[in-house]
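First the structure, then my questions, so here it is.
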């Protein structure tokens, strides 16, 4: 079994026994292909081919139909790297991703721990905390757009009533990204809460009992028992949140459309604008390639950094 | 280290019905004390109350003479071994054993030395760098024990520590645990639902049922002088036969053709519960004066366990050393019992025990 | 067994597919097969405009028996442009389509449509009845490429009741920047800061209008009318003056910034209707929504212009109707008939009343339906008057250039920077440099050269 997989079977002499084994091997492979075939074909057509095509297009210029016209070598990459606004987008994306990930995990964890306490009416809060899971991006955007409205929004009225400086959340480049972060974290929280709450529930009570008997303080128990026990889930949630944050599009499109002054023009949104608004497919392809590499690097770093600390 | 329980009781906040009432006992220093009972009897709750993991509703708990009702677990100076072992999957064996020593502010070399010693005690020194996942059930159990040893506490609470092991391993571990206890001079309170464990390990046993203490005594006394029907049927394998009988003269009539002669005068006509251990039931394989018919037979190598049915359909378990000819359908005559235990039919309480009781097929006149 | 099951599943799948195919094509042929020529019409209208368009299509279909116009909604303007480009020449392509103002040069260069000029000439259609500024936007080399359809112009809205309550003199109908600044400052001062005087959305279209009204072309080659633009001028006197004007109001704290995009528009309208905003410049297409949304008297002026210069008149926004060049003659003819139908004085008047878009047929102003509207709401007349007042020239006939969306993104970035305190000239210069680079790339990619 294992030998044929490692290729050693090929070098073995062809005794009759081997031949039958080989045949069975072949037919097993045939079956494997038969079952994998449809999904492989779909992947090839809808994932691999477009990926290669994107990479290819990034070395050319494209006309308004998206047809490849002029070979541009590394020109697209060069102009991208020389574009100050691209670097601004990159910076905005990285801070967005980092802050969203940290806030989502920390707040999700706090809510999950809070929901674990045996308090009256906690069921209501559990429902409340997880409720954002059922809310679509567009509904959330409308809700928060209204909240951020500088003249009639909740925040504006609050700061007026409290005589705080008024913040123009979505139109001020210093705050727009924060506004998007708040909205994203709010949206993420439901899912994260639910997953982390489930993970906390999975930690056996006896581990805490043992720690109690051993005289470990409750706060230390959280660090020494709870966190290690839920580390696989934390790792999963972090990965999902990071990748999701890199792909954030809907909220940006609906709330700021990349503005003001490119403050929220995250990389994915840029790709969209260049491809589907400006018709610069080659430019968009170049940006996609860079973004893909970036996500790959961040994910790799995350696995290297935290993967080892995950205990299963 | 002694542990005194004085009328301990537990009622949970959200319920009216107490889980435990009026539990009183004094566990002596160096005693192996077993709490046994069916599931739901409150035995684990009692142990957790002693550990400080569950609060005490009423009564007093004294450890070494000091009132401990409100002491946090840490201050009670005890170790605990859990049914699930409560090992931290992310820590190595050594770290698991040393867990908690840091909280007690031991120095690193001291921790190391204690861990090494504890692991040596349970023969796990070679596996100290493994994770619990890479251990067998028995090995995990030993890690849990080692943790208790390393804590150096003189009281060790054990909550069904062997119930996740297979039968053979369990038998071996019983011995090892007992040895360990004696070697370390521990006071152990051991919770189990398994009467064999209770019998084999305990210095004394507390039997709990329906939230109440049924009996506290040595295993042999519990076996021979059960205080009530529940205790009688809880101890001993195969289970004691509990037959209903009516007092007729000097005899107890179980069925018209099965009567037991008792010496103690009993009020005529009362219905009683007669307890006879299967191995104490005497019988002959004969069709003359037969009063029971063999139904099932199980060979256990050195002995044979059978069930028979009396003429009124009551089932009787019996044990025979003979590995010979007993077969389903055979007729037997029950001739007597080495001991019978009589219980009040209504309350289940012990009335008396009688030794060497003869059985007759018919009621002796006069 | 497994093989048999698999075969059976395949058959199920195949027959299912067959069924779907048959149904689709079968229904397709029976539904439209009543002897009429089918004119597929792609549009991007929503809300009341979509309803009015359906009414027009229905009325047109009822008015004759040769053609059947089938309107199909294609989503947003941006999506529609991509669909038009990518389906051109296939059976999925429409006969008639609506496409937004900024796509004009792109679609023209893509050569997907027959210029409507051909039908105008063949039909001796009197095109002079249609607004010249609107026509000029969709013309190239003296030929009408497409027919202007839903058309709006930017105007300045103000809350007339609010001004009256605060005792502020209303701005003149054709105001200068300083006229507006005066009113804005007064609103904020007299309301103790409770009402903001003015906003100008961070919107490239409005940026373009500052240039149009200042008689300045944005792109070289006469705003693209005489060749492919190779450079743009964002740093002209006209734009500098406009930005300085906004900056002045920002510094006077009588200005509120709602940012960019549809959210900014809904926020500014919400604020205006709630009486928290005194004035704003925005598309005339919002007029019905504003009239319906508040009990306060609405005021409207022309788009503001710089002090000491004459207003050149603003250009238009909206979309036009195109006849695809891949369709047979009779289908094209049907599309043209429908265009003529929607451009009649009656249809245009009804269109303005229903949607807020401007009636482009000058005779529409005499239609009863508009006269009634003006009698009830005299301000509703202002946008049409602004449109009629301007004479078309290269500065106010729109920018005939590809990549206008990119231009708007860039100018919006510059505007946002300026609104938030950035240096005016350098912000504009940054946008200009990026746009010039885009143009160079685009011209190279599409192999455009000027001779």
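Here the chain labels run A, B and C in written order, and each chain numbers its own residues starting at 1.
One rule holds for everything that comes next: a residue touches a chain if its C-beta (ideal position, glycine included) is under 8 Å from a C-beta of that chain, and two chains touch if they have at least 3 such contacts.
Because the structure is a prediction, the values reported are computed rather than measured.
Nearest chain to the global Cα centroid?
When every chain is reduced to its C-alpha mean, the one closest to the whole-protein mean is A.
Tell me, please, which chain's centre (mean of its C-alpha atoms) is farthest from the centre of subunit A?
B
Distance-wise, how many Å sit between the C-alpha centres of subunit B and subunit C, to the nearest whole number?
Averaging C-alpha atoms per chain gives centres 88 Å apart.
Distance from the CA centroid of subunit A to that of subunit C, rounded to the nearest Å?
Computed from C-alpha means, the inter-chain centre distance equals 37 Å.
Taking each chain's centre as the mean position of its Cα atoms, how many Å separate subunit A from subunit B?
One centre to the other, that is 56 Å.
Multi-chain contacts in subunit A: which residues touch at least two other chains?
In subunit A, no residue touches two or more other chains.
Going through subunit C residue by residue, note those that touch at least 2 other chains and give them in order.
In subunit C, no residue touches at least two other chains, as defined above.
Pull out every residue in subunit B that's touching 2 or more other chains.
none
In the complex, go through subunit A and note every residue touching subunit B.
204, 206-207, 209-217, 220, 225, 228-229, 231, 311-312
Note which residues of subunit C are touching subunit A in the complex, please.
For subunit C paired with subunit A, touching residues are 78-79, 82, 85-86, 106, 109-110, 196, 202, 256-264, 266-267, 270-271, 274, 276-277, 402-403, 405-406, 409, 412-413, 416-417, 419-420, 422, 430, 434, 437-438, 441-442, 444-447.
Can you list the residues on subunit A that touch subunit C in the complex?
So the residues of subunit A touching subunit C come out as 61-66, 69-70, 79, 83-85, 141, 145, 149-152, 168, 170-174, 176, 254-263, 273, 276-280, 282-283.
Show me the residue ranges of subunit B that touch subunit A in the complex, using the header's touch definition.
It comes out as residues 48, 51-53, 72-74, 78-80, 82-86, 88-90, 99-101, 103-104, 147, 151.
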